[in-house]
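In the two complexes that follow, chain A is the common piece, with chain B as its partner first and chain C second.
Presenting the complex of A and B:
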C-alpha cells in the first residue's frame, strides 16, 4: 500500500512538445540584395527559406508559420495573406489548410495560370507545403512588382521596426487563440467586451495559464544602418522580452548594433555567417530547433555584444552621450536651448558643459535630530515607517 | 510523438531493415515517419544532418547536445537506428560518425522541396465530380461509420436498452478484424474484452491506429504486401480533406484496401467501381498526433464533436459526482462502464463514481489509469483550467480502489545478471535507466530487470565492437 503515495500522482502532461509558431521577417531591402546578388541572390535565399519553412512545419504537426517582408517603405505580409476586406484579419492557419481557398480567390484575377500549375503538380508535394509556398511566392512577386523607382531612391534602409511589431501582434493573437480556454468563448469575449480590457486580462493571467503555444521570431537581415529606427525597434525588443519571445537574427550582410542587442535581450541566437551560400545549413542547424529542443542543445554564442545606443536627436550610435534626467532620452550633443526634445523638461546643463567635471569634496553634514524622532540606522536616509498600523 | 502513434512506432520498429528501405522510397512515407514517429530531438538531429555534406562525427554530435540531455539523446538515437534512418559508420580507425540512410534522406529532401515525379502525395482528380460531397458530409460519414464500430463493441456490455440494435451496419470484414484483434469475444454473443476496453478509452486517432495495426498484421495472410499497405496509409495521412483523389495510380493491394477503409469510414467512395475517393478526417489526421488534434482549429472540434467525445464534456467534483454534457449514446455507454449514472436530461447525464462501479470496471479489465486518462482527456473546458485537471482526491481514490483488488503486478521482461565488474553493472544500469526500461534492480547482487531488451542488446553489441577509450 505504500506504493500509493499522494505525491506520486499521475498528472497527464501533454504529449510531445507544444506547437510552435515561427514568425519570419524577411528583409527585402532591394539595395542590400543587389549588393549580395553575386554570392546569394534573393531567389536562392527564398528557395532556401521555403525548404526551411517546410522543415519547420514538418517538425511538429501543429506548427505554424508567419512570414513578413520588411521592405524599404513598408512591412508587408507574405503569409498568411491578409484578407482584403479587413487589414487585421484573424486567419486561422493550422498548417495552412484553410487559407488555400482564400489565397486562390484572392489571386484569381492576378495569376490564374500560376495557380493551376501549383495545383497540377501537387501530387509530388505535400499539400500544406504547396499552399504556403504558393502564397509566399505570389505575395513576394506582387510586393517586388509594386516597388517603384521613387521608393528605391528615397531610402536605403528597411522598416524592421514595423515588421517586428507586426510579428509581435500576430503572435499575441495566435497565443490567445491557442489558450486552453475554449477558443470560441475567447473570441466571443473579445468581440463582446472591450478588446483592450480582454488583452490586459489575458496578460495578467498568462503565468497561471498553461502555455500552449511557443513562439519565436527569426529575422533574416541584410540591411545595415538601422539606427534611424532605434526607438521603435527597442520598444519591440522590450515587448518581446516581456512576452518571452526569443528573437533570432541571421545576419547575411551589414552590421547593426541594434539586432545583436535584440538577441541578447530576448535570449535568441545571433549569427552572422561567413559564407552566405550555405544559408540552408545555417537555418537547419541553428535556427530550426524550437524552444523545447534548444533546452537540449548547446547554442551558438553571441560573442561580444555591442550595447551602444543610438541618440534620439540624430540617430547616431554613441559611446558617451547626454541623458535627460527626467525621461532618460539619449542625446549625442548638449541641447541648444537646454530643453529635452522628448519630454520638454527644462534641464540645467551648466555643470554638464564644463570640460572636466571637478571633484568637489563633500561636506559632512551634521544632522539635527528632533527629539522623539525614530532613530534611523547610520548611512541610511530612507525613511522607515514607524510602525505598521494594525486593524482592530 | 504521442500515445496514439507510439503503437504504430512499436509496429514499425519491429519490421526488418529491408522493409524500411522499401518504405522510405516514397517521399510521403519518409515525411510521415519523420513527422509523427520520431522524438522531438531526433527530428532536430535529422534536420541538421539532412543537408550536411558528409557524415556527422559522433564527437561533434555529443558536443552539440548538452550533457544533461543525454537520456533524450540516447533515446533519439536508438529510435533512429531501430528505424534504420541513421547508422554509425567508421570514418577512420578512431573516428565514428552518424550517417543518414541514403534512401530516407533523398525521400525527405524530395518531400521538403517537392521535387521528383513520384506522385506519392495523392493524385487529385482533374475532372470535377458530378456528385461532389462536402466536408460536412465526409465528417458525418466518418463519424457514423466509426461510431457504429464502437457501438458494436460496447453495445451488449453497456446495459442500455437499445444497445443490441446499435452497430448492425458494421461490415463482416470489420467484425472479423475486431475478433482477430481480440477486441471482442463472439463466442456467446458479442462481449467486449480487456483489450477492447483499452481500445474504447483511447482517443479516436489511437483507435484508428490500433485497428489498422491489426489490419496490417493480417495483410500478409490476405496476399497483400505490408509495404504497400503502410505506404498507402502514410499517403492517406498527407491528403487534403474535401479533395477527391484518383485511384489510377494505386496498386492492386491498395485498391483492395480502399474497400476495407471505406467500411471503417477512413475513406469515402461513391460506389465500388468509382475511380475517385475522398479521404475523411480520420484519414487526414492519421499522421497528426494528439497535440495537433487538441489544438486543432475550431472546425475540427465541431466536425467530430460527438464522435471523438467533443472537446471535453465531463465535470467531476471532489465529492465524486459526475456531470457529463452529452446526448451521445456512445459516450453514455462508455461512462456507464465505470460510473453509476442516475439521471439523464436532454443534454446532460449525471451520476457518481462509486466503489462498486469502479471495481466492476476493474473486474472487466479496465485499469484505473485508463479511467483517469479518459476523464482527463474529456474534461470540460472549465475543468481543464485546473491543474491537475481532475480533483486529486478522486484520482487517488480511483487508484486505491484498484489496488484493493490487486496486490501483485506482473511485468514480463528480462533479468540481467552475472556482471563481471561493478563498473560494467553501473554502466548498463545507467543506460537502462536513461531508456526508461529499468523495472527493478539489486545493487548488492548486481541484478537488474528490464522490460525491453532490444535496445539493451544493441548497446551491448556496440560496446563490444567499440571498446571504450
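Presenting the complex of A and C:
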C-alpha cells in the first residue's frame, strides 16, 4: 500500500546515521558456562550484555536489536518475543481471532509488553530499555528452566547454525522493510487481499524512515567444537557474505576455526579476550561501533586464520588432500578400495593425474646443406655432447 | 534497412529482417555455404517459445525459478564451461536496449561473477562468434577477473589503437563448436564439458557439414545449451538434444532482456549428471560414461603476509600477501588457482563448502491451506517473526470453499479461487497473487513443520540454503545424516 500512494515522497528522511540492526547470538551452552562460572557467571554476562544493548540503542534513534539464544537443544528468540503457536483447541477460532485483531492496531513493542507479565515499574528507567531487558530476562529464564537433565547429558554443543540462520532471515526481512527502493511491493501486494492483516507492524515504522538498514551479527560464543554443523554454518557464512552482513565473534571460551573463518569471510571482528571478566569493556570498545564508524577506526586484528581442511576420514588437518569429485569429501590419503566413504562412488586416481596435456616437442628441422659443401666427418676432433636439452 | 514487414508486430520484425539481411539479401552462394534457418513453429508461434505460458509474468518467473531443482541429484560440481557470445550482425538489433550486443556484454560480466560465486572450482573460457569465425576472448581459467577484463576489452580494447569489436557478419555454430571442442579436449574426465551459446542470429553460416561436428561433440561428451533470441531454430534444437541425451530443455529463447538475464543466470546451477546409461551414439559407437568420478589431489595452502614484498609466481607482481603452495612453496596471489610450479590444484576449504548447497539442497516448502494453518496454530513466521493473517473462522472458510468451487479438492478450490480474484485486481496484485500461491500466506517445511512467510521462503532457498526451523530444533546430526542418504539415492 505504501508503494501505491506516493505519500513517502514528501517525507524528509533524516540526515543522521542510517538505522542499524544488531542481531546478537548468545551462546547459552550450559556446559561451557559451567566452566566459566568462576570467572564470569552467565548472570553477569547477561547484565553486561544488557548494558551493551542499551548503549547500541542509545547511539541512534532508529537502532534496533534482536537477540537469539543458541542453546544446546534449540535456538530460541530472546527478543523480540515470539508468539507461541497455539495448536488447534476448542476456543482458538473465536478467541484467537479477537485477540489478534486487537493486536493489529498496536505497536510491536507494546505487544511484547502486553504478552509477558508486568514490567518492573521503575520510573527512572527509559521505557524501551526496560522493555527489552524484561523480555530478555523472562525468555532466558524460561529457556533455562525448561532445560532438563536429559537434554544436558545428550549433547555438549550448541545450535549456532540455527541461530545464525534465524538471525539472517530476520535481518533479510528487516532490510526489505527498510528498503528505500521498494521490495515491499511483494509484502504490500501480499496483503492486497487482506489489507489489515499483517502489515500492522511495518506500517508504523517503515513508511516514515525509508533509509537503508545496516545490519551486523554479534556472536557471543563459549562453545568449542562446532564441527557437526559445518555445512549449515558455512551456508550461513556465505549468505552473510552475499548480503554484506559482518559477523563479529567474541570468543569467551573454546576455540573454533569455523567462527574465525566466518569473521574473515564477512569482514567482522574476531576477539578472544584473555580475561572474560572484562566482557563489558570488550563489548563497548570493539563491538559497539557500526560499519560506518569502523572505517575510521583501527580494528582489533584477526590474526592468522587457519584455512587448512580437516580430512573426513581421520579428522587430520591436511596440507595436501584428496578430494572426491562427486561429493567433495576430503581424504588425507588415497583410498584403499577406491570407493568414496561418503557417497560410495567408485573413484579412480589415475584419470586425475594424467590431466595435464602433454606438449609434443616440435620436430627439429634439419638444415639443408648446399649440395657442394663438404660433409664433416663423423669422428671429428671436437667431441659434441649428445642430447643437448633444447627448448621445445 | 528496408523492411517490408512494417505492419508486423515489433518483436516479429527482427526475424524478418534477419532473413533479409543475413540470409537472402547478402547473396550467399548455396553451393559453398550450408545455411540453417529452418525455423520450427514460427508459423504458429513466431515469438513465443513453447516454454513460456500465457501466465508467465516476471513475478511468476521468480517463483518458478524457486520451485525447481531441489531434488538431490548428483551434479557436476567441477565444470568446464565455454561461454560463446554471438557478435554477428543480428546483435545490432535494438529489441533489447540499447542493443542486443551491449545487453549481452553487460549480462555476461554479471554472469561470470555469479558463475564463479556458485562454482568456485570450475573453469571457464569465453569465445565470440564474429564474422563467420569463432574467436577466443579469454583462455580457459578459473579467475573471474581475467574473463571480465577480456569481455570488457571487446568494447574498450586495452590497446587504444585497436578498434572495439563491433558485431559483424554471420555466426557459425560449427566453428564455435569445433573451437570449443578443441579447447575442452584435454579437460579431465571427472569434470563436465559444457558449451553455453548465446545466439542472437536466426541462422548459422558453416563451412561444412555441422552434423559431423555434432557427432564428434557427442563423442567427446560435450553438453551444449543454447540461449536464442527471437525464434527457435531447428538446428539448435538438434544440437542441444543430441548433446544432452535427448533432453532439449537446454535450448531456450529469450524474448526480452529480463528473461535473457534469468536464463543466463539459471545456467550457473551445476548440471545434473546422468547415470552412465549405455546409450549408443548414432554412429554405432557407445558413448563413454559421463561421470568419470575420480579422486583429485588438491593443496590447501595457508595464507602468508610477508614483511617485504616478494614476486608472485602467477603474475610476477610484487605482493606482500599471498598463499604458498603446499607442495612446492611458490607464492600465488589468489585462490583457487593451479600452482604454476607443480600444477597442483590449490583451493581453500571454504571453496569446497561453497558448493555443498548444490549437493545438499534445501527441500521445497509446501503451501499451507487454511485448515492446516489452523491445525498448527502458527501466528507468525519462524524466521522473521512477522505476523501471518489470521485464519478465517469455520463458517467463513466454508463460505469461501463453497463460493470457490463445488468440489472438495483443496488444490482445485484454491486455484479457481485465485483466478476469480485475479479478475478484479490490478497487475501488481496479480503478479503477487501468482507468486504467493499459498492461501494462508504460510509455507511449511516438511521436515520440521515450521511455517514461514514468502520472503523468508525466497531468502532461505535462494541465498541461505538452510532451514532455520530444522536447525533450531532438531538434532543437527540427524539433519546431516538424512541429507547424505538423500544424496546417494
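By definition in this document, the second predicted complex is superposed on the first by the 237 of 392 C-alpha atoms of A that agree within 3 Å, B and C clash if a C-alpha of one lies under 4 Å from a C-alpha of the other, contacts with A are read in each partner's own complex, and residues count from 1 in each chain.
Here is the rule we go by: a residue touches a chain if its C-beta (ideal position, glycine included) is under 8 Å from a C-beta of that chain, and two chains touch if they have at least 3 such contacts.
Everything numeric in this text was worked out from a predicted model, so none of it was measured.
When the shared chain is aligned, chain B comes close enough to touch A:61, but chain C does not.
Contacts of A:288 after superposition: chain B is touched, whereas chain C is not reached. In the superposed model, A:130 makes contact with chain B only, not with chain C.
Look at A:332: by the touch rule set out above, it reaches neither chain B nor chain C.
In the superposed model, A:155 lies in contact with chain C only, and not with chain B. Residue by residue along chain A, chain B and chain C are tallied for touches, and C comes out ahead.
Shared-chain residue A:176: touches chain C; no touch with chain B. Of the two partner chains, chain B is the only one touched by A:296; chain C is not. When both complexes are overlaid on chain A, the residue A:305 reaches chain C alone and has no touch with chain B.
Contact with chain B, but none with chain C, is seen for A:19 once the two complexes are overlaid on the shared chain. Residues common to the contacts of chain A with chain B and with chain C across the two structures: 4, 92, 94, 97, 185. Only residues 4, 74-77, 80, 82-83, 85-88, 92-94, 96-97, 100-101, 103, 155, 157, 159, 161-163, 165-166, 168-170, 172-174, 176, 185-187, 189-194, 197-198, 200-202, 228-232, 234-239, 242-243, 261, 265, 304-309, 318-328, 330-331, 334-335, 338, 340, 342-357 of chain A touch chain C when the two sit together in their complex.
Residues 59, 74, 77-78, 117, 185-191, 291-303, 326-327, 343-344, 348-350, 352-357, 359-360, 374-391, 393-394, 421, 425, 428-429, 431-433, 435-436, 441, 451-456, 459-460, 463-468, 470-473, 475-477, 479-480, 483-484, 487-488 of chain C are the ones touching chain A in the complex.
Contacts from chain B toward chain A in the complex involve residues 1-3, 27-28, 31, 34-36, 40-41, 43-44, 47-48, 50-52, 63-66, 69, 72-73, 110-124, 238-241, 243, 249, 287-292, 294-299, 311, 369, 372-373, 376-377, 381, 384-385, 387-389, 392, 395-396, 399-400, 403. Chain contact summary for the complex, chain A toward chain B: residues 1, 3-4, 6, 9-12, 14-19, 51, 54-55, 58-62, 92, 94, 97-98, 119, 121-127, 129-130, 133, 178, 180-185, 209-210, 212-213, 280-281, 284-285, 288-289, 292-293, 295-298.
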